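Some structures are shown below for you to check.
Next, two complexes with chain A in common: one pairs it with chain B, the other with chain C.
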Partner chain A sequence: MEPILEVKDLSISFTQYGRGTKQVLLPVIRDLSLTIAPGQVVAVVGSSGSGKSLLAHGILGILPYNSHMAGEITFLGQPLTPKRAEKVRGKEIVLVPQGVTYLDPLMKVGPQIRKGRWDQSARQASRAVLERYGLGADTEERYPFELSGGMARRVLIATAAAETPKLVIADEPTPGLDARSAKRVLGHFREMADSGAGVLLITHDLELALTIADRVAVFYAGETVEEANAADFTAGKLRHPYTRALWNALPQNGFVPIPGAQPGPGEVGEGCPFAPRCPKQQPECLGPVPYREWDGGLVHCLDPEGGE
Partner chain B sequence: MKHRLMFTGKKLIRMALLLLGVSLAAFLLMSASPLDPLQTNVGQAALGTMSQEQIAKLEDYWGANTPPVERYLGWLGDFVRGDMGTSLLYRQPVSQVIGQRLQNSLWLMAFAWVISGVLGLTLGVLAGANRGKPVDKIIRGYCWLISSTPAFWLALVLLVVFSVWLGLFPIGLSVPIGADAASVTLADRLYHAFLPALTLSITGVANIAMHTREKMADIMESDYVLFAKARGESTRSIVLRHGLRNVALPAITLQFASISEIFGGSVLVEQVFSYPGLGQAAVNAGLGSDLPLLLGITVVSAAIVFGGNLIADLLYGVVDPKIRRGVARK
Partner chain C sequence: MSLEAKQLTFGYRRKGKAPVLDHIDLKLEPGERLGLAGPSGRGKTTLCKLLAGYERPDRGEVLVDGKPLKEYRGICPVQMIWQHPETAVDPLMKLGDTLKEGGPVEEGLLEALHIQPAWLERYPTELSGGELQRFCIARALRPGVRYLLCDEVSAMLDLVTQAQIWTFLLDQAEKRNLGLVIVSHNSALMEKLCTRVQTLT
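== the complex of A and B ==
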């Protein structure tokens, strides 16, 4: 089946002023690759500061003006140029943002969902879509500050479901929600995938992501270190040392922390960004590390676990 | 509703205290003024030819022999009873002088207030929505230029260009010279008020535009504008639907706060254009030691400025859903 979204060697960098008037290119995402098929939920998992949100903005073509994007993005078999992105965003590609700050604080929920349309059919559609997520008709008349955290999240999902998207990008849709509400919210994304859309779920919560994702891409310091089937995690089939560390850091898997911290943008050399914290570090890790197929997944490591 | 009444009541008490303070300050400044009322108003030469009795009479008239505390308390007592006294210079009740002058000034200030508000908001929104682009640079450049231009100097330049060189507008006053008061038309008044009002508008625009630009630029970088972009809304729609809505609250504050600046500016501008407004009367009263008139003008203008801010606060409660709904639910 033709993939909905194919991202190949995507890099995003920012122009910043270094000392004096010297401009510095600050790479934030390096050589990221990703494929989403129809009906699939692909989770991009990484800790905060790894550049996950920029991936979403890059696909939608809404990066800030001082950024540069390189690489290929293909949407439904056609290259996703900035011009095409402008045309399809909000229609075929929709974003579900993080929280209530993404709603206009001075506009009622109803008009926000309708995007400025006032006709009868738009009103019916917005009512229907709110109802679908268990929100009453009174929600339309509320301002964002009158919504609870869970309601705001569902309103944001409703803005996405009000269109008929082929690709849904969910950027951290669960923080601040209790486990039950978070599961419920994620369930809505699973439903969207089951009805044929592709879902890109950007999150820092590996455990929660695994409950609905088909595939998981693990993100570290702007780089995908591993892409694997969700089933591989529970089967213990992990490839990259960082994925292993992330998995072991979950409470039910031992709650084991590792020393060090994720390098920030611009602090990463040519080699593996995880090398300084890696227990299996070799001198070669500081050189170029290929992204290769390994044991049914993809990995960015010279000495991955498992395999032959 | 009860909350809003309480709010207004509190504000009114604060206003009474403010007016008391302002009148006291004006009185103290006037008392400390080195100007001798007799010398400024009668003249050194005329004083020399007068007898002691005449001078004593004049000193009594200008209040030079009354102790300051008694003078202030006397004024305050009358003022509270609604009597603002009689102007020493104009020999008319202060309330009448102020009423007349205010009518002239109000034309001017209302015109300047509306123009600077509308233009300032438009330019500010335009610059903020296009930050860093040529439009923004031009508007910013204009605002900086105007902000660093003294109002009276600008008034002189306009006067020279439009009245002296081009002869398009009168060089001063609020009505045609020598015309019968009954024959003065509204068009005449507008014609005479145009240049002074233009000066006030031009200087008022810069401040409002720069503040609005700042707010608008913040809005354009907000999460909700990013999301609107992600939902495929055009820049035009974002500015009109989200930008204007969110810039409205700070704009109200700015607009009503600008009343005080326009008031201040009108003093200088009226002086240059010999426009018989409140500002000019204030200057005359100050220089001529006309205590009742000066205190009257000070209190009335302070009340107008305060009233403007009060209206802004009340409008906030109507416009901002957080206040409106928050209060309604209590």
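== the complex of A and C ==
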């Protein structure tokens, strides 16, 4: 089946002013590849600051003016040019944004969901979509500051679900929701996928992601370090040391922290960005590391676990 | 020695609406870690705001060691760490200056939180949520602080950072004999962290 979205060797960098008028190029995403088939939920899991949101913004063509994007993005078999992105976003490709700050603070919820339409059918549709996410009709008359964190997030999801999208990009849709609402929200993304859409689920909540995702791509400092099937996690079939560290940091799996912090953009050399914190670090890790197939998944490591 | 809420009632003044918090009692001893659970919209954050003195209750009172919270001067003994760190720092100030606002930072704190010296020269938009949250924690850990209210402090963070930050907070809580209020929707996390859990309904 033709994939809904294909991202190939995507790199995103920013131009910044260094000292005086000198400009510096700051790479934030390097050689990223990702494929989403119809009916699939692909989760992108990674630490904050690893470039997950930028990937979403890159697909939608809403990166800031001082950014550069290289590589290929194909949507439904056609290249996704900035012009086409502008046409399909909000309709065929929808974003469920990360922050509650994406709501217009001066506009009531109802008009925000209706996107400016005032006719009777739009009103009915907005009421129905709010109800689907467990929000009462009085929510329409509220301003964003009158919503709790969890309600605001459901409003954001309702805004996206009001269309019938081919690709749903969900950027951290669950923080601030209680476990039951979070499961229900993710269930709605699963539903969208089961009816033929592709879902790109950007999250740091590995545990919740595993409940609905088919595949999981793990991000670290702007790179995909591993792409695995969701089942590989519970089966202990993890390939990259960072993926393993994530798994072991789950409260129910030992709650083990590893020291250090993720390197910021521009601080990553040619080699593996995880090398400074890696227990299996070798001198070769500072050189180029290929992204290769390994034991049924893809991994960015010289000495992956499992396999041959 | 305790942080006590007595019959707290508070509403956001919408016509004909029931108050968010209705006669809530809560008691926290130093060294205790109290979890606050409940579905969204039940006033967990509002309760934290009342306990830290950001809002005044309509009825009832907040006592620290038997003395009303509003009678304390200087740095409040109850400090709150917010769910969204990007909204808890001044966007126009470098983070080094944000830290200094609360007075000098204790030695070793920045290293323990893995805050890189270069971050002090940056503005909030140039750092990620996890990096900002480390600053918010460093800012809240003043010598006179006795209680920390952690409102979904790790909900935005990846698992490794979450484990790192909680290991740090538990360690500090023990060293300083702090009482913690922990708000989270993650039941596995609550079970790991809390000594007892109170549910808001």
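Convention: the second predicted complex is superposed on the first by the 307 of 308 C-alpha atoms of A that agree within 3 Å, B and C clash if a C-alpha of one lies under 4 Å from a C-alpha of the other, contacts with A are read in each partner's own complex, and residues count from 1 in each chain.
FYI, contacts are C-beta pairs under 8 Å (C-beta built on N, C-alpha and C of every residue); 3 or more make two chains touch, one makes a residue touch a chain.
Everything numeric in this text was worked out from a predicted model, so none of it was measured.
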**Superposition-derived comparison: chain B or chain C, residues of chain A touched** = C
**Request:** Could you tell me if A:146 is touching chain B, chain C, both of them or neither one (first, second, both, neither)?
**Result:** both
**Message:** Tell me the contact category for A:25 with respect to chain B and chain C: first, second, both or neither.
**Reply:** neither
**Request:** Report for A:97: first if it touches chain B alone, second if chain C alone, otherwise both or neither.
**Result:** first
**Message:** Let me test your reading of the model: by the given contact rule, A:246 touches which partner, first (chain B), second (chain C), both or neither?
**Reply:** second
**Message:** Touch test for A:115: chain B only (first), chain C only (second), both, or neither?
**Reply:** first
**Which superposed partner A:62 touches (first chain B, second chain C, both, neither)** = first
**Item:** Footprint overlap on chain A, comparing chain B with chain C
**Value:** 101, 146
**Item:** Contacting residues of chain A [partner chain C, same complex]
**Value:** 45-50, 99-101, 146, 148-151, 172, 175-182, 204, 206-207, 245-246, 249-252, 255-261, 264
**Complete:** In the complex, chain B touches chain A at residues 132, 222-224, 226-233, 237, 241-242, 245-246, 248-249, 320-322, 325
**Prompt:** Contact residues on chain A for chain B in the complex?
**Reply:** 57, 60, 62, 65, 86-91, 94-95, 97, 101-107, 115-116, 143, 145-146, 159
**Prompt:** Okay, in this complex, where on chain C does chain A touch?
**Reply:** 12, 14, 38-41, 45, 83-84, 86-87, 114, 116, 118, 127-131, 152, 155-164, 166-167, 185-189, 191-193
